[in-house]
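Following this line, the structures themselves.
Consider the two complexes below, in which subunit A is the common component and subunit B and subunit C are the respective partners.
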Partner chain A sequence: MGSVRTAGLSVRLALIIVAASALLIPAFAGPFWVFVAIEVVVFALYAVTFNLLFGFGGMLPFGHAAFFGLGAYAVAVLVKKAAWHPLLALGAAPFACAVAAAFVAVFCVRLTGIYLGMLSFAFQMLLYTVIFKWYSLTGGDDGLSGLAVPGLLGRPEALYYLSLALVAVSLAFLWRLVHSPFGKGLQAAKSNPHKSAAIGINVALHRGIAFVIAGAFAGLAGALFALANQSVFPGWLNWTASAVPIVMTVLGGVHSFIGPVIGSAVYVVLQTVLTGYTEYWALILGALVIGIVMLMPEGIMGYFRG
Partner chain B sequence: MADPIFRTRGLHKRFGGLAAANDVSFEVERAEFRAIIGPNGAGKSTLFNLITGFLRPDAGSVLFEGRDITGTPPYRLFRQGLSRTFQITNIFTNLSVIENVQIALLSHHGRLYRVLQGAARQLRAEAEDLLALVGLAGNPSLHASTLSHGDRKKLELAVALANQPRLLFLDEPTAGMAANERLEAIRMVRRIADERELTVVFTEHDMQVVFAVADRISVLHQGRIIAEGPPAEVRQSEDVQRVYLGGVV
Partner chain C sequence: MDFIASLDWITDPTVLARQFMAGLSNGALLFLVAAGLSLIFGVSRIINFAHGAVYMLGAYFAWTVVGAASRSPLIFAAAIVFSTLASFVFGVLFEILFLRRIYRSDQAFQLLVTFGLVLILGDAVRLIWGREENSALVPAGLEGATRILGVVMPTYRMFLIAVGAAVCIVLWLVLYRSRIGVLIRAATVDREMLKALGVRTDRIFTLVFGLGCGLAGLAGGLSVPIVSVGPGLHSQVLIEAFAVVVIGGMGSFPGALVGAFLLGQANAFGVLAAPALAIVLPFVVMTLVLMFRPWGLFGRPD
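On to the complex of A and B.
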């Protein structure tokens, strides 16, 4: 028990250091790096929602970007076409994504492995096509822009603190969820669906609820990203976009709650720095992913936990 | 029979051309310790899966305490006081030993959908009691994947007892154990069953184990029950001897 307590202490210390540096970023960094910091924070939440399904639920949805993109477009359409206040639209987006995720979940949760992955991918492509083609509502290929949050809250620092606060609360909730009876049931269903059913777990329902929660919070991440960019683009829910949370999760560590957060920071910062030097940044990222998978299969977090 | 807790009526299940269950009707009395024996491929596991909701019968019905439970999904049966283990040991290897028991207890207590409280401290004492009951000593915080085969079997039993079942199906509870461990293991199950007035139906290959503890024995061959009765009677049955010794129908 002693080692557990020391581990708890060092975790708490690390959390304090991370929180302090996160709070101080706008004081030392210019608007460009503040924007990068928003991206890290937002994608951290997005990647954690993916890993709720993958690392804890044993589902590999290849189309998770659908909910990130839908959250972003929900904000954009509500602001541009229904004249909602951006912050009100931000609040509504996760609910829209929860409804969409519930619909997709009905079809997906009884499937496993590649079949679940492909069906979620199919729903994503469906949504992508609708958004790409429905020019009058979504702006098609051009996306929608001019989503500035009015007033002081529209400043990059303010958007950063808003994102940081919402993501921190969301991550705290998801951390609680993973360690709750519900979360343990989800992990049991991942490990052994038959045994789970034999001890009274309604595996399909359990997975479905996780799917809805992951979809809602991925939508919140997308909505925040839309406000930070003041615009949305259909590429955010194209099929390549679904690889991003997967790569972040693999980088940071699948079997760790915080792994995808680390993965997001590494991915976003690396991409930002590398694009300054070469347009072939993806080549270096690819090599890094190969290295991680070969040398640290449990990701960065897994490596440091021994 | 005076008070059957459980009965099947005319269970049929075909897999292609194979009749895995062929008109299986049997009943089990309350607090009975019943063995189901039969050669490999006789249909024992299929029968268990038909009864416990993992397979849907083509025809026939299953009654538990007078209620028709045919086709009821397994997770509901657990909540109704029926429990089972699997032939191939089935534990949650990504959870700790005590978490394996805790999750079953949380399920039994209807707490599976709580999302805002930690699971670690819940029902811990009850879980420890169950581990002690099946004789699983050692650190309960260890990953279940570190357990030896025999200890996994014990853990599976503790998990299966978490819903305080009235009816328990054990599919080869001593599979993979050394010969000298088997008798000890099944006697422990019998002791627990007697203490709790628990009805147990188990499959078993080791005849020494079966004859040592079973109240009654049902003999399954090619999806049919070909003999049934107390051990002494079944041992004498010519049909049973033919199936086991000669392999002729």
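On to the complex of A and C.
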């Protein structure tokens, strides 16, 4: 935890400013921008879970959206088909995703590079196709809607504070995790799996645990997003959706815990503003993505760090 | 939900032959796309997420030449040649301008560059050709049905099988019987060594990426009379090509051939046997292969 204690004064000041402005958003912004703020917060967590695997674990899953989508659908199905309270469903979703992630992890962690990515992709497409086709349970192409949280908690500001609190706690946990002995072991396994194994690090176990944790928190992000949208759509776990956390992570900076959070904020705000002006947002995003990879591969954080 | 449909057809040779031929013609198109994807991966280790988008681009190129009402075989032939060559040139330019700079970068960056191309092409075709779904006619001489082996088959499907087989033979000759083929196969085994031996490997990378895109463009052009050419055309093709390449073995040419054949047949018979399961079958097989034999049927373990 050394790095937590030795964090400089400027870092603490920045954290306080960010926290204060995050808390004040609903006081100044209308419902639309509160919704955008929820999206930023939720995708920040989602992108950080991806970077736990990629930046810290050296794994590049092509199908991470499977867990985001599964979390969202877990909430939707529990609420619509089993008549659960939305908040209870929100609590259950990460566990469903952890179980699914554990199953995938058993096979993924033994693979390297492209094969791990492809297996994750195959699992995602399997899940996507089942959700797309299982009309009676999932609503197929139409998705499921009407997931309003009853009472005061259903107001946009309340959902925002709920998301902010849950994401803040999750990020604090993930921050601790990557700076714990477990996190160091995970990063060692990334840099050199053979040497790590030789000094007694169980590489497969470290990767597997990271996979389960990333899956569970990605599921929490998806579940929060489902409640904020009051609906879920199969597109959330289609293959193109898996690129979103990758774009956010690279945009913000891979070699930084906070990079994906910044990437999420920039991405979501950019998308919100640009889609107001043009229907060709994807064209701009594509050019932006290629531009970043070519010109500033260390992302925004890397740029400021010099 | 009835997972297993009636199996009466299983003793009907006409149905069996018809499904087999239908699977073969779909497999032929799939082979063209997957062979390019696999070749590109084998040489450059890049997974081209834009491969389906290039296929779509090829379809639009061909449709632009053919139009909605032409039946002329000459114009159709010109359209196919154009879609192949234009996609080849597109691939060469993209490789030189972008991919070439990131071969040493992390895989995530390579993924993002090809994914960025997916986003750009997806919107570019909307900008250039609009949102409509376009269709074209089967050229004269290839319309109607032909009787072969006692089965009545759409002639155009037979034509696709013939083209697929011809391209397969030409590709095989190039890869296994020509000097450039030796170099391409050497690059899939050890590019550093090949470079150390004085071969201009950058040219091979450019050529192979262009070739792969050309094959995708060819498949896109050929599919114009049997699909509707619209902005969503790329997704299904890419996913099926991924499945083929994984099943056959990433980077393996025979793997792409066998994988495309198997997936074509699995789709054709799966639809009859268990329609609800057929759609997930490619991913189930893909998952199983990766779990137990990640290098595929014909690939080599790393």
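We take it that the second predicted complex is superposed on the first by the 299 of 306 C-alpha atoms of A that agree within 3 Å, B and C clash if a C-alpha of one lies under 4 Å from a C-alpha of the other, contacts with A are read in each partner's own complex, and residues count from 1 in each chain.
The rule is short, and it goes like this: a contact is a pair of C-beta atoms (placed from the backbone, for glycine too) under 8 Å apart; a residue touches a chain by one contact, two chains touch by 3 or more.
Note that the coordinates shown come from a computational prediction; the quantities given were computed from them, not determined experimentally.
Look at A:Leu119: by the touch rule set out above, it reaches subunit C but stays clear of subunit B.
In the superposed pair of complexes, A:Ala168 makes contact with neither subunit B nor subunit C. In the overlay built on the shared chain, the residue A:Gln187 is in contact with subunit B alone; subunit C does not reach it. In the superposition on chain A, A:Ala197 makes contact with subunit B only, not with subunit C. Of the two partner chains, neither subunit B nor subunit C is touched by A:Val269. By the document's definition of touching, neither partner reaches A:Val99: not subunit B, not subunit C. Of the two partner chains placed by the overlay, only subunit C lies in contact with A:Val130; subunit B stays clear of it.
More residues of subunit A lie in contact with C than with the other chain of the pair subunit B and subunit C. When the two structures are aligned on the shared chain, A:Leu87 is found in touch with neither subunit B nor subunit C. When the two structures are aligned on the shared chain, A:Arg176 is found in touch with subunit B, with no touch to subunit C. Counting contacts by the rule stated earlier, no residue of subunit A appears in both its interface with subunit B and its interface with subunit C.
Remark: subunit A residues 176-177, 179-185, 187-188, 190-192, 194-203, 206, 209 touch subunit B in the complex. Listing the residues of subunit A that touch subunit C in their complex gives 54, 60, 62, 107, 111-115, 117-119, 121-123, 125-126, 129-130, 133, 238-240, 243, 246-247, 249-250, 254, 280, 282-283, 285-290, 292-294, 297.
Against subunit A, in their complex, subunit B makes its touches with residues 52-54, 73-76, 78-79, 83-86, 90-95, 99, 102-104, 106-108, 111-120, 122, 159-160, 162-163.
Against subunit A, the residues of subunit C that register as touching in their complex are 41, 45, 47, 98, 101-102, 105-109, 111-113, 115-120, 122-124, 126-127, 235, 238-239, 242-243, 246, 250, 276, 279-280, 283-284, 286-287, 290-291, 294-295, 302.
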